[in-house]
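In the two complexes below, subunit A is the common chain; its partner is subunit B in one and subunit C in the other.
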Partner chain A sequence: MGAIELENIHKSFGAVDVIKDVSLNIPEGELTVFVGPSGCGKSTLLRLISGLDQPTSGRILIDGQDVTRRSAADRGLAMVFQSYALYPHMSVRQNMAFGLENTRMPRAEIASRIEEAARLLEIDPLLDRRPGQLSGGQRQRVAIGRAIVREPTAFLLDEPLSNLDAELRGTMRAELAALHGRLGKTMIYVTHDQIEAMTLADRIVVLRGGVVEQVDTPLNLFNAPANRFVAGFIGAPKMNFLPRPDGRTMGIRPQHLRLGEGGLPVTVDMAENLGAETLIHGRSEDGHTLLAMVPGQVTPERGDVLSLQYDEADAHYFGEDGLRQ
Partner chain B sequence: MRWLVAKRGRTGDGRGWHWTDIATWVWLIGGTILMFGPAVWLVLSSFKTPAALAEFPPTLLPFAQQTVEVEGEQKPLYTVTLADGTVRTMAELRRVGIVAQMVDPDDPGAEPARVNIADRDPVREVDFATENYTEPFMRFDFFLFLRNSVFVTVMATIITLLTNSMAAFALSKYEFRGRNAVMLLIIATLMVPLSVILVPLYSVVAATGLMNNLWGVILPTVATPTGVFLLRQYMLTIPDELLDAARMDHASEWQIYWRIVLPLAAPALAVLAIFSVVWRWNDFLWPLVVLSRKELYTLQIGLNTYAGELNVQWHYILAMTVVAMIPVVLVFVFLQRFITAGIAGTGLK
Partner chain C sequence: MSNGGATHYLTAPLRWLARAADVPLRAWQRMTGQGGMIALFLLPNMAIFSIFVLIPLGMNALYSTTGGVEFFLADRPYVGGEHYARLMDCENYLEPRSCRDDMFWIAVWNTARFVIFQVGVMTLVAMITALILNRAIPAKAFWRAVFFFPVLLSPVVVGLIWRWILQRQGLANLAMFEMGLEPVNWLTDRFWAFFAAVGVSVWAHMGFYTLILLAGLQAIPRDLYEAAEMDGTPPFRVFYRITLPLLMPNLLVVLVLALIRAVQIFDEAYVLTGGGPGTSTMFMTQYIYESGFANLLRNPGLAAAASILMALVLVVLTLCQLWLSRRAGGDR
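Coming up: the complex of A and B.
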């Protein structure tokens, strides 16, 4: 249960087309991440799947059934919002029970589901508190708990970690991955953070301007980006692009550059020492900015000319249309 | 106080006096006298006897003339300057024209002195005429009027909160064609005073058979543009994601309104409730138009019955006005925090 299919989805707000002909197939049990720069339509797409917004045209199918005209509540999905959207005037227990009470579920069943979810997320001591008395991480857990008790066919998560500090984000990311493993449910996860996308996803959907740029596993995206946009978006620091005399563009990741004789001559602008590695900002002979992530601690001066080598196997080539060649 | 002094001076550093300090003090003290003076005068006057009220020039404190018992009768006391220049306290036995017969209360058998009334001053003491309060409670239908006032105020406030919050919910959380036009229309009615719509409103209420009915007082007042505006502005601050979450949680639109939006709008509802109580409690013109049977009078109309065509019983009017003010004053004393928040939040009063 929980396979989601999008067929030729369009969505416009007035004259603005936000989603342009998106077709996607999200297999059951997978954790799919929608990633893209802000304004790419990833959150809109999630809201269309949830049923909170209606597509202008196209069909949405869950387990083969057309749910396009079905209300949000009747799609059997649960959503975790960016702001968590916990009801501030209700205790944690009431927050989790609210959705179940509305379906007229017996009290005993509600209580047992809440207890189970609370144990799973280790929030049992917090059940009688109000959201205002919880820390960011605790609120996050409660929001996830509220989704779990509904036993949905799929989870929709809209930038769930973006309000947490960096350290907590790392921990919660690992917990979410573990949770997905344990529940085995379909999850759609929206983020603009490509590290979250890379670490969590079974598959990543890269979106730009309302169009799907590429759908693949994280490593395939990294190793074989379908076009220049995906190549530049996935991977940190960003891939270097160097124009070729034949009109093509060569892409090389900063991690694939190393110091060595007879390579690309690069004038150093700045070097950032991160301890284990050094990020060198520089310029190639024809003035293109270049980033190189070299291992160890290198301390070049501004204006020094370094020679950077790379393996031809690590180079990507993109045609004038931006597509991979 | 100490804070104010410490903040004096041009730069607020507590050094020297600047003309703005003087202006501030004059403004604040003047404002306080202007706002409080009439209320204080009202309360003090409510304890005056009818004679003291009619006195000119008026006194601030309620004075009453002292009396003394002379030969089994209460006689008023005066300080008298006698013909030989001595000053004594004497009781008035009787008065003919401008000459009064005065006698020493300690020696009532003595020959009464004949005194020009210009040569005597009444002996007076501060005395609170509490009968202004007790008598209306006994004779006047105070408790009946109070019950009517409470009924009108409570029912009107409850219905106001319900209807206004529903309108505000729709106007703040739903996108529909003409939403802004509706909002504008509601705000526009703020500019129409009651006196303009009094006659048509009267026709409507009369046609629906609500004349001489407390509901005729309540119903026309429950839809207040101020209330809708105040609640709408507050509801706009409730995040839409909460409503989306509730929709995902199988909540109907009614449940969203009742279980999510209303509890979260409680601070704004409190402000509106306070306003509504004050408005309805103090309403005079509209109840006066609708109610003509005495047993339906609200307090404010009831007070009006003391003002007859020929005789105005000021002492009772003043005393009962003070009593009628008490609930509103209590509301202000205990809930002023909410009131200022409401005024600041809407720019309305």
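Coming up: the complex of A and C.
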């Protein structure tokens, strides 16, 4: 239960094409992450799946059934909003019960579902508080709890952690991963944070300008990016790109550069010592900026010329069309 | 700087004034310090407030304890609480004819009835209008202007416009005649005249309250509605469980403001019906005005006493409003 298919989805707002011919297969039970730069259409695509928006053309199928024309409520999906969208005048318990009450579910059943979800998310002491009396992380849990009690076939999450501070984001990320493992339900998770994407995803969908650039597992994306855009977008710090005389571009990740004789000569602009490793910002012979992340603590001076080695196996080559070769 | 010359001459008097005031102002500040300057700048406003509000308020209280028909306080004999006693002298407050001043109690009950109908109907209509205007309808700004426009009219103009429409040979009856309907005596029938006053007042003021409610509706985050949509919440449940509770602070402010204004109903109704037919649309303010100035047997003291009683009602309503707005302010 919970396999989602998109077939040739287009979406335009007036004259602006926001989603351009997207076809996707989201396998049941997997956690799929939509990632891409701001404005690339991640939220729009998620809203099309949820039923809050209608595609201009194309089909959406859930478990093989065409749901394109079905209302949001009839798709059996639950959404967690970036702003949480908790009803401010209702208690946590009422917030979680609200959706279930629409279905004429017996009171006892509603109560037991809320209790179970509250225990799972460790929010049972908060049930009688209002959202305004909760911290950001607690609100986040409540928003997830409100989705869980509906027992949806799939969860849709639009940047659920973006309003939290860095530390809490890390904890909640781990909890979400654990939650996905426990529930085993399909989840679609939107983020523009590629660390979140790498750590959470079973499968990542990289979007740019309303087009799917690549779909694969996090490690495959990292190791074999299909084009220059994906190569630059996935992985931190960003991959270095160096033009070659034959018109191709070579890509090499900062982690794959190391100090050693006979490599690329690089003039140092600046070095940042992080303790375990050092980030060296520099310039190649023909003036291209280059970043190296070398292990240990090195302290080169500005203007020093270092030699940086790499293994040919770690180098990526992209043609003039940007595609991997 | 082609118009520099003209500006120079136009502002000359101001510059002259500023220079002339400079010396005395500096002298005043030297003598009294900053506190004195603050007092000086507040003085004009306080003077106007005193002349037009504070002093008349006190004088009104004095008038209410004096008798006779003279307008100068010095010529008026002290009568103590006699006017109040007269106004409150009643066998049955619900039955104006059993009261010594039956007109006062007719005005009280007319006003009460007016307030209930006017505030009730207006709040409802304003609410519905705001809900419609809050949707994506074509020419939204135009409709918003249409509903707000009457608020900008002077009450006398409102009264006149509607008298022309509703009088025996007015537009309304002409239109009804054209449609083959019997003409109605809108302004000379006891029943219709009262509701004409209510309706015209609703028309004249609802734009303001619609705007307050619309602002409240627009402050409700859209994603709350989307969350409700994901849950398949029926529209009326969305309204009762989400829209209405979140709009409640605005709705309360609207109710209390509308109450305060409805109690003071005078100009547009007076121009529209003149209080008639009979006494069917005579409200408190008209009673005060007529018994103080217009009647053959004018009694300024009685009018002053009645206006103090009305002021008490308004003070209570205003305190409610202050309390509500402070509470709403604390929530945010």
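The definition used in the following text is that the second predicted complex is superposed on the first by the 325 of 325 C-alpha atoms of A that agree within 3 Å, B and C clash if a C-alpha of one lies under 4 Å from a C-alpha of the other, contacts with A are read in each partner's own complex, and residues count from 1 in each chain.
What we mean here is this: a contact is a pair of C-beta atoms (placed from the backbone, for glycine too) under 8 Å apart; a residue touches a chain by one contact, two chains touch by 3 or more.
All of these numbers come straight from a predicted model, not from anything done at the bench.
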Clash-or-fit label for the pair subunit B, subunit C on subunit A: clash
Partner chain in contact with A:120 - subunit B first, subunit C second, else both or neither: neither
Contacts of A:89 with subunit B and subunit C, given as first, second, both or neither: both
Partner chain(s) touched by A:105 [first = subunit B, second = subunit C, both, neither]: neither
Against subunit C, colliding segment of subunit B, chosen among 23-31, 77-85, 95-103 or 113-121: 23-31
Residues on subunit A lying within both footprints (that of subunit B and that of subunit C): 50, 52, 71-73, 77-79, 81, 83, 85, 87-89, 98-99, 102-103, 146, 150
Subunit B contact footprint on subunit A (complex, rising order): 50, 52, 71-73, 77-79, 81-83, 85-89, 98-99, 102-103, 146, 150
Subunit A residues within the subunit C interface of the complex: 50-52, 71-74, 77-79, 81, 83, 85, 87-90, 98-99, 102-103, 146, 150
Footprint of subunit A on subunit C - complex, ascending: 221, 223-224, 226-234, 237, 241-242, 245-246
Residues of subunit B touching subunit A in the complex: 239, 241-242, 244-252, 255, 259-260, 263-264, 266
